[in-house]
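In the two complexes that follow, chain A is the common piece, with chain B as its partner first and chain C second.
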Partner chain A sequence: MTFVNHYPKAARLVKANFIVAFVALAIGGFFGLIQALHRTDVFRGFVSSVEYYDVLTGHGVLLALVFTTFFITGLYQWGVTRTMEREPENTTFSWSWFVMMVVGTVMTATAILAGLVPGSGMSAAVLYTFYPPLQGHPLFYIGLALLVVGSWMAGGDWFWSYRKWRANNPDARIPLQTYMVIFTWLMWYICSLGVALEVVVLLIPWSLGIVQKIDPLLPRTLFWFFGHAVVYFWLLPAYFVWYSILPKLSGGRLFSDPLTRVVFIFFLLLSTPIGYHHQYADPGISLVYKMWALIMTLVILLPSLMTAFTVISSMEHGARQRGGSGYFAWMGALPWGRPAFVGCALAGIMFAAGGFSGMINASLNIDMLVHNTAWIPGHFHLTVGTATALTFMAITYWLLPQLTGKELKFKGLALAQPYTWFIGMTLMSNALHRQGLAGVPRRVSEPEYAGISYDVPFGTMAEMNWQVAIGGITLFVALIFFLVVVGGTFWAGAPATNVDDTIPPPLSGPEHSPKVLDNLKLWVGVAVALVLIAYSLPLAEMVMDGLFSPGAFPAPV
Partner chain B sequence: MHVHRFEKLWIGLSLLLIAGFIGIVLFGFTVMDLKVPGIEEGRQVDPTTVLSDEEFSRPGVRKISDDHYEVYMIAQQFIFRPGSTQPLTLPANTRITFHMTAPDVMHGFEVPGSGLNATIIPGQIATFSTRFPEAKSYGIICHQYCGAAHHNMQGKINVVPPSEFDESNLISQ
Partner chain C sequence: MSTPESAAPGKASGPEAPSEGSKEISLDEFEPYGTLAVTGSYFVLLLVLYALLYFVEFATHAPHIID
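Entry: the complex of A and B
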């Protein structure tokens, strides 16, 4: 008896979300391979250097927005159902948010992929940041709006379960997994308001031709109101896995439940008011706000450093339970032959490296060396591209038997997958970082310029290009391993007899923490206040001269 | 709330690290003069009429004093004016203030090897100052995606010794 037997309705919903996520992952991953080969001039035969931007848009939207969102709604549905111990309150409502997200995704993907079909008359090569006045087809924006609204309804579904649970358990502490879901989604409601306003109030009317001109700075600022918090929207579900499941996979228990709650509160408070750190190089944003974002961004290092401590000490506890000893030798006692553990652990190691390059990005004037260079994709392929994506893939290996009642198929491939991903990402990411230091721009189909030679700090440009290309191929191979394991399990997995789905209680439980940590209204209030401090004046200034002015004419791409 | 003493130590060290980073950035601002766009407030312009604006209708280099020149530059799909068809020539070791804007879409202004880095946003004027320490030729790259031929948008800056700087090409005030 496991999840699928106890909660068949929820299991079906989770599986549906995962399937959409993995289809997006497959297509977006293939686009990534094309880019790695094209950018480095290893092979430019898939698409032209103009179509490259359609592919790049598809890669960003399908992976960063679609794969993540669907996987997260699936994962969180699982977490809420098992800790609230309730099926979804209303099946029709649950499927309606899922269908809305799927319809939105299909609309957006259609607009993007049509750009690769000559004569379709439709395209949206606006990249996943879709800065106007570059203009995509209206379907692109309408689909994105539906995806976001669907995710809001998913959160509503979980709050509904939580309220029902609360009515039956008036004095209990919120179970940890539901706590993490609630705090992620409170943050998501706050930050996605920015992108929703941008898309619904500004971009959709403009793309439909109802208004003609657009003020580029206002939508860009609203995008980044959302655009850094979305990073934590991707990351917190990985933290959810690292805090609540990884200790068990290591053979132990979570070190501290109270500090886990503190960490999630930090993210709710600090994720949104730091969006300006993506606009350090922008005119029209005063230095005061850039400074404020700098300080808040560096403070948000704290919850991530605390996470490093808790996760590593939980793993050490597990290793010692398994007979490990010594200062460092305990690491050898960890289950390095189990795919779910290996994926999460390697993702955590890569996240540490990504965190360090992120500190550079955050550091206002130092960031000028790397802003909008290949350093940036080098950085976020370690964070969202590995800390998040590899954790999601790894935990799928552990979740699938619970969701399908089947044994994991091709366990050898599943074990090879995280190691392969790790090697591929090491090659690609180190080279992208170093290219960025030399000034190679990001988001460009042909980064070689006549008459401009890059001053490479160490290594050579050719060597780095080969590392990016070989790294990209290796990552794609790892992706195929993953898809084969998942597909094999779905279609040909043997019935599972003993599914390991228990999670032991933490070493230090919620009873050791003050109840104020569970006071949702208080923390939302503080979070909103911090957002108002950071954003109300600059946004008011941009809006006061007219929502759409100073306006520029659209430039369709 | 119970917090393990190792974790207390770790949190303390983390806070020190964060304070250190903030200190490094402030040190860069105050002592090393590492500035970013946004310090000098640029004005707003109407992107649809900026090409007939008083200054931007005649982009190029203007002299303010012997030690201070200004550059008015237009970034548009897919050239820098000046910079792309003609290299932008500037004196070394002299204060240079850039004013940049775009009439169409967002562009980027990156000069590899110089640390100059700015987003060019229609409707806003990006204003920032620098000194090129030595006579050398630099490339300009548009590093903000601006459309189908984005990868062809580039330019050149020739930095020459102040004694060799030809003032006959300056735009008159």
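Entry: the complex of A and C
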């Protein structure tokens, strides 16, 4: 008996979310392969250098917004159901948010893919960072709005379950997995308000032609209001896995439940007020606010370093229970032959590397060295592209038997997949970082310019290009491995007899922490206050310039 | 205090015996000095790489007021 037997309605919902996520992952991943080969001039036969931007938009939106959101809603539905011990409160409502998200995704994907169809008259090559002056078809924006609203409803569904649970358990501490879900979604409600305002109030009327002009700075600022916090929207579910499941996969127990709660509070408070660090190069925003964002960004390193301590110590606990010893040798006692563990652990190692390049991005002065260069995609392929994506893929191997009642198929392939991904990303990301230091711009389809040679700090341009191309191919192979394992399990997995679905309690439980950590109103209040300090004056100034008038400095030329 | 997390069906009802391990280590017995070694090494690596980026890449390539 496992999750699918205890909660069949929730299991169906989780599986449906995962299927949409994996379809988006397959398409978006293929687009990534095209980009890696095109940019490096290894092979430019898939698309033209103009269509490259449709592919780039598809890669960014389908992976960073669609794959992530659907996987997260599926994962969190699983977590809420099992810890609240409740099926969804109203099945119709649950499926309505799922359908709304699917309809939104189909609309957005149609607008993007139509750009690759000659004569379609439709295009949305606005990149993942979809602010003006690039303009997409209205379908693109309306679809995104539906996706976000659907995710809000999903959160409402879980709060509904939480309230029912709370009525029956007035004095109990919030179970840890539900606690992590609640704090992620409180953060998501706050930050996604920015992108909702940008899309609904500014971009949709502009793309429909209702208004002709638009102030470029306001929508850009609203995008980044959401645009950095969304990083934590991707990351916190990976933390959810690392905190609540990885210790068990390591053979141990979570080191500290209270520390986990503190970390999630930090992210609720600090995720949104730091968006300006994506706008260090933007005129029109006071240096004071950029400095404020710099300080807050360095403070938000703290919960990630606390996570490093808690997760590594939990893994060490597992390793020592398995007989490991020494300062470093204990790592050899970890289960490096279990795909779910390996994927999460390698994702964590990649995240540590991404932490370094993130510190460079966050630094107001050094950022100028790498701003808008290939360093940036090098960085976020370590974070969302590996810390999040590889964790999601790895934990799927552990979740699928619980959701389907079937044994995982092709276990050897499942074990090879995270190692293959790790090798591919090591090749691609190190080369992208170094290209960034050489000044190679990000985003562009042909980063070669007549009369300009890049000042390469280490290695050569040809070597780096080949690393990007071979890395991209290797990553795509790893993606195929993943899809074969998942598809094989869904359609041909043998009935599971003994599903591994237990999670032991933490070494230090919630009884070791003050109840104020569970005070949702208090932490939301502080989070909103910090957002108001960071954003109220600059946004008011931009709005007073006129919502649509390009009179606000700077105006598009 | 037991939370629903550790009591619901399909979940552990208590500390899970390490399936492939040889012993169970309690909170009081656990000394995470391996974690100290790993996180300490990472911290040193961060400092070295940050210094490399600042002094070698940034300070030698960025525009200077003096220039």
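Methods note: the second predicted complex is superposed on the first by the 550 of 557 C-alpha atoms of A that agree within 3 Å, B and C clash if a C-alpha of one lies under 4 Å from a C-alpha of the other, contacts with A are read in each partner's own complex, and residues count from 1 in each chain.
The rule is simple: contacts are C-beta pairs under 8 Å (C-beta built on N, C-alpha and C of every residue); 3 or more make two chains touch, one makes a residue touch a chain.
Keep in mind it's a predicted model, so treat the numbers as computed, not measured.
K.L.:
Check whether A:Y53 is in contact with chain B, with chain C, with both or with neither, and answer first, second, both or neither.
P.N.:
So A:Y53 only meets chain B here.
K.L.:
Does the superposition put A:T110 against chain B (first), chain C (second), both, or neither?
P.N.:
In the superposition, A:T110 contacts neither chain B nor chain C.
K.L.:
Quick one: classify A:P335 as touching chain B (first), chain C (second), both or neither.
P.N.:
second
K.L.:
Determine, under the contact definition given at the top, whether A:K290 touches first (chain B), second (chain C), both, or neither.
P.N.:
first
K.L.:
By the touch definition at the top of the document, which applies to A:S96: first (chain B), second (chain C), both, or neither?
P.N.:
So A:S96 meets neither chain B nor chain C here.
K.L.:
Please indicate which partner A:G355 is in contact with in the superposed arrangement: first for chain B, second for chain C, both, or neither.
P.N.:
second
K.L.:
Considering only the touch criterion stated at the top, classify A:L364 as touching first (chain B), second (chain C), both, or neither.
P.N.:
first
K.L.:
Between chain B (first) and chain C (second), which does A:K213 come into contact with in this model arrangement: first, second, both, or neither?
P.N.:
first
K.L.:
Going by the contact rule stated at the top, is it chain B or chain C that touches a larger number of residues on chain A?
P.N.:
Touching more of chain A: B.
K.L.:
From the superposed pair, tell me which chain A residues show up as contacts to chain B and also as contacts to chain C.
P.N.:
255, 305, 309, 313, 359, 365-366, 368-369, 455, 508
K.L.:
Quick one: in the complex, what on chain A touches chain C?
P.N.:
Touch residues, chain A against chain C: 1-3, 6, 82-85, 165, 169, 172-173, 175-177, 248, 251-253, 255, 305, 308-309, 312-313, 316-324, 326-328, 330-331, 335, 352, 355-356, 359-360, 365-366, 368-369, 402, 437, 455, 457, 501-505, 507-511.
K.L.:
Mind pulling up the chain B residues that touch chain A in the complex?
P.N.:
1-4, 6-7, 10-11, 14-15, 17-18, 21-22, 24-25, 28-29, 34-39, 41-42, 44-48, 77, 103-106, 108, 110, 112-113, 115-127, 139, 141-151, 154, 156
K.L.:
Mind pulling up the chain A residues that touch chain B in the complex?
P.N.:
49-50, 53, 125, 127, 131, 133-134, 213, 215-217, 220, 255-256, 258-259, 279-287, 290, 294-295, 298-299, 301-302, 305-306, 309-310, 313, 359, 362-369, 371-373, 438-447, 449-455, 508, 512-514, 545, 549-553, 555, 557
K.L.:
Looking at the complex, which residues from chain C come into contact with chain A?
P.N.:
Where chain C meets chain A, its residues are 1-6, 8-12, 14-16, 18-27, 30, 32-35, 37-39, 42, 45-46, 49-50, 53-54, 57-58, 61-62.
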